[in-house]
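Order of writing sets the chain letters: A, B, C and D. Residues in each chain are counted from 1.
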Amino acid sequence: LPGDWRHGVDADAIESKLREDPQHQIKAVGVVHNETSTGVASNVAALRKAMDRSGHPALLMVDTISSLASIDYRHDDWGVDVGIGGSQKGLMLPPGLGFNAISEKALAASKSARMPRSYWDWQAMLANNKNGLFPYTPATNLLYGLRESLAMLHEEGLDNVLRRHRRHGEATRAAVRAWRLEVLCLNPAEYSSSSTSVVLPPGQNADELRKLILEQFNMSLGNGLGRLAGKVFRIGHLGDFNDLMLAGTLSGIEMGLELAGVPHHKGGVQAALDSLAEAAKGAHADAAQVHG
Amino acid sequence: LPGDWRHGVDADAIESKLREDPQHQIKAVGVVHNETSTGVASNVAALRKAMDRSGHPALLMVDTISSLASIDYRHDDWGVDVGIGGSQKGLMLPPGLGFNAISEKALAASKSARMPRSYWDWQAMLANNKNGLFPYTPATNLLYGLRESLAMLHEEGLDNVLRRHRRHGEATRAAVRAWRLEVLCLNPAEYSSSSTSVVLPPGQNADELRKLILEQFNMSLGNGLGRLAGKVFRIGHLGDFNDLMLAGTLSGIEMGLELAGVPHHKGGVQAALDSLAEAAKGAHADAAQVHG
Amino acid sequence: LPGDWRHGVDADAIESKLREDPQHQIKAVGVVHNETSTGVASNVAALRKAMDRSGHPALLMVDTISSLASIDYRHDDWGVDVGIGGSQKGLMLPPGLGFNAISEKALAASKSARMPRSYWDWQAMLANNKNGLFPYTPATNLLYGLRESLAMLHEEGLDNVLRRHRRHGEATRAAVRAWRLEVLCLNPAEYSSSSTSVVLPPGQNADELRKLILEQFNMSLGNGLGRLAGKVFRIGHLGDFNDLMLAGTLSGIEMGLELAGVPHHKGGVQAALDSLAEAAKGAHADAAQVHG
Amino acid sequence: LPGDWRHGVDADAIESKLREDPQHQIKAVGVVHNETSTGVASNVAALRKAMDRSGHPALLMVDTISSLASIDYRHDDWGVDVGIGGSQKGLMLPPGLGFNAISEKALAASKSARMPRSYWDWQAMLANNKNGLFPYTPATNLLYGLRESLAMLHEEGLDNVLRRHRRHGEATRAAVRAWRLEVLCLNPAEYSSSSTSVVLPPGQNADELRKLILEQFNMSLGNGLGRLAGKVFRIGHLGDFNDLMLAGTLSGIEMGLELAGVPHHKGGVQAALDSLAEAAKGAHADAAQVHG
């Protein structure tokens, strides 16, 4: 189902599509929870409800790679059948580990399916994991890293981790607005807390801006993909990241816009600082109320 | 010779003092090149000239700990007899290595001196170093680190390193001025390129501000020492440090001032970004001229 | 083509099999260069010749995972179509990188093939690699590691690396013989230089021996796989490994045999030391002759 | 008090010396607990008793650098006044931390003493440590390392750590005896558990042997110091060290003796393995008795 790249998954459209499939030819609905390239986070819970309404038995498969441990994701509550995660984003590790969370329904489907598969061939993994082993040589170093990153997430508290990512998304968008640039995502309910895609004014080359910022400030921003190539740059704000790293990031962009001659207003960093300071005050007020 | 903690070494006063010592009771003049606690960098070359004018044979001993590899220091050109450096500042290493650069005159004085000494007992070190050895167990790990940090300094180019530190000092002072706070150092010719001490308005507690910033933003600022305790905080901007790290640092301070209720004006970070962007433009213009 | 697990690939048998396939139903001959589980290294060059004699166009696919950079392997000289390597053995890195070396013939076959594939879908990788990119998130950290491990291999010299592995294989087998235990591999021409599988006397449990050695000496030996389970243990001697590490390894085994009550003769470590010292003398004599 | 370099401290001689000093000109008795260069461990408890018998108030100062956390040392029980340790031996860290354990008596003496001092000027350290601070820039990285190395020592259990060092000392001497070489230390009650100095036959050059072993096996042995230069080499067996590392170490020496043409008997490694295996059996028997 093609979208416009500026909105999340259309649950109603999927419901309709499923209703048009009484023979259940459709085996699965696959969605990306947080679409890194556009900075749009889809409402998976709403999609689940739409699928339930349709009465269609298709599996729900969700890519959580850039949302896991940074945007709220609830595998069981939302009735996801296959959740796919990776080590290199919210889990703060190098790339190299992939995770599959599987429902009983997905497991049963996997047993009766006849298509060849490779990454999603779970039987050997399940059989070996029972004894603490792997069917293939595992990336042992990353498993040690995972133990530590999970400890770090628990130490901060997952709620605080998610709140921090929301705070950084808001401050980033405050900066973009102050620059009078456009956030690619058009639906505020679908703003991503882990990355923000920014649209440059027509005629401006986002890749030249990115190149200048990389050379001048040693900071690598994400590029626009596919039809967005050259028109968009992406700001990642997830994982092992804090308020001052965000301020440094946005500072590099604001100076880059200036040096590249991209039409914009100053004050983006200031707006982000105001947003962050406001959030800090709110958190203090909350804490005071709890203790008061 | 007591100073006012807001100016560098007074070369004329030292010259006078030396002239008042015809018996040469004074054995050495010891100065700190860059005084970390105040953010004042003394003019060592001028001091050397004043000492020469006095005709007094005292040794010139210079502490370069927070200036080495961040503020221009010229051991031979300036006729320094003993230069003292450490690994943990501009050399970007953990603490653990100390360096002594010694003139022939200092070495001769050391041989005839009769006071007990420990760190400054150079004979065993010189004898062993001839064969590539140390008289005591050396901090081998740090020596490997030193090899790498020297390679990094050469890769960037020492001139660029010094220029980068000057740029960061200027941007930091631009922020302080925009906040309408006071730079402790009163003489612009003696501004430090590696650290800036900032005076809070009367009645404000710098240590409470530092505590709030540490807790809220995980950033540790230097405290005021001695008579400056509680009145001053210090911003370090040296070593493995770049424009965006400085922007993040100043952002943490600006938000901290806001959250701590310290009277100030906004716009410090903005002023620093303007200063840094201006410097970047200048560098580009210079490069264009070279290539033009 | 089933084997007896104690010999390498039978080139004549493969030639016969290919001759029995005039319709070219067989698309590829797949062999493991060094079979880790048995410690048998097959003669790939001989296999290539046998395939050529048969006139059959099947591809030759070789798993070099435990031979690359430890046993001589010549992709082009031997006319291999697909060579498969990994980061975690002779390249001395953590697991996480896989390599495919592909002939033009394999590439052409890949384009016309219609079976689904995943790891062996080379088009996206080739297209991206042209610009120095990857189609997916690469394991960047391991690529840095690879740069260093290749530098280490070149520094030692690949010929010396291979010679070192041969020396360690010989010394290991000298120990096994002195213990009066049996090397699993029956054909001396196929002895592995990177790992040795050792057969315990009937009635002895290799896994109990391995467990004792792990607990007592903190050394983990490889287990027998499949039909060899419990009957065999495996000694790895490849990668970042030297004479004294081998001596320590064999010492742990000799003490483990004693503590586990496995019938054996002492003197295995002594035999290995004699073998290693003899090799060192030979190398010195060679060097002397070169310089003489 | 000069010794013969092959025995520990002579408690009776020190007692006599102290009795000959009724004016208490002697301020302190300084001993090295484990003399690294000779592999002799002195009996500090006996020395304490001898000092007590003399009635002399001299301080007892003990260098524990190569014994701390590898040979039993009891600061309080033995009435030591100043104990000196370092990070780089039994504590398994890089060099860079020094420790002083001080008795009340030493502290009082320090306050009334008038000699200049530097490392042993404890007042500033004590004053700052009360608040968790240091008077000078501390080697922070090593303090983190110390936290981990202490955790490792507790995890193994200090008794087990000391027992392991004794076991390695015994196995090393078993090897030396089998080689028919001489242990420098002549008194079995004073054998060091952390290092062993080995005397070569007359006419043999220990430094050439050491050089050959370094080049051939990448293993660096300690050299003879002072009057022992060229006659002795030293085997360290302390810190993060286990049975197989010792076996590898002794293997390198046995092969080195062979390659260097030093007259010796083979079988040193075998003797060490027998000693280690015997110790392992004993430990198992003990454990069985405890559980039986």
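Keep this in mind: contacts are C-beta pairs under 8 Å (C-beta built on N, C-alpha and C of every residue); 3 or more make two chains touch, one makes a residue touch a chain.
Small disclaimer: the values here were computed from a predicted structure and weren't measured.
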Longest centre-to-centre distance from subunit D, chain (CA-based): A
Whole-Å separation of chain centres (CA-atom averages), subunit B against subunit D: 41
Intercentroid distance (Cα basis), subunit C paired with subunit B, Å: 56
Multi-chain contact sites of subunit D, meaning residues that touch two or more partners: none
Pairs of chains found to touch, sorted by chain label: A-B, A-C, B-D, C-D
Complex contact set, residues of subunit B against subunit A: 216-219, 242-245, 247-249, 251-252, 254-255, 258-259, 266-267, 269-270, 273, 276-277, 280-281, 284
Parts of subunit B lying in touch with subunit D, wherever the complex brings them together: 86, 88, 94-96, 115-116, 118-119, 137-142
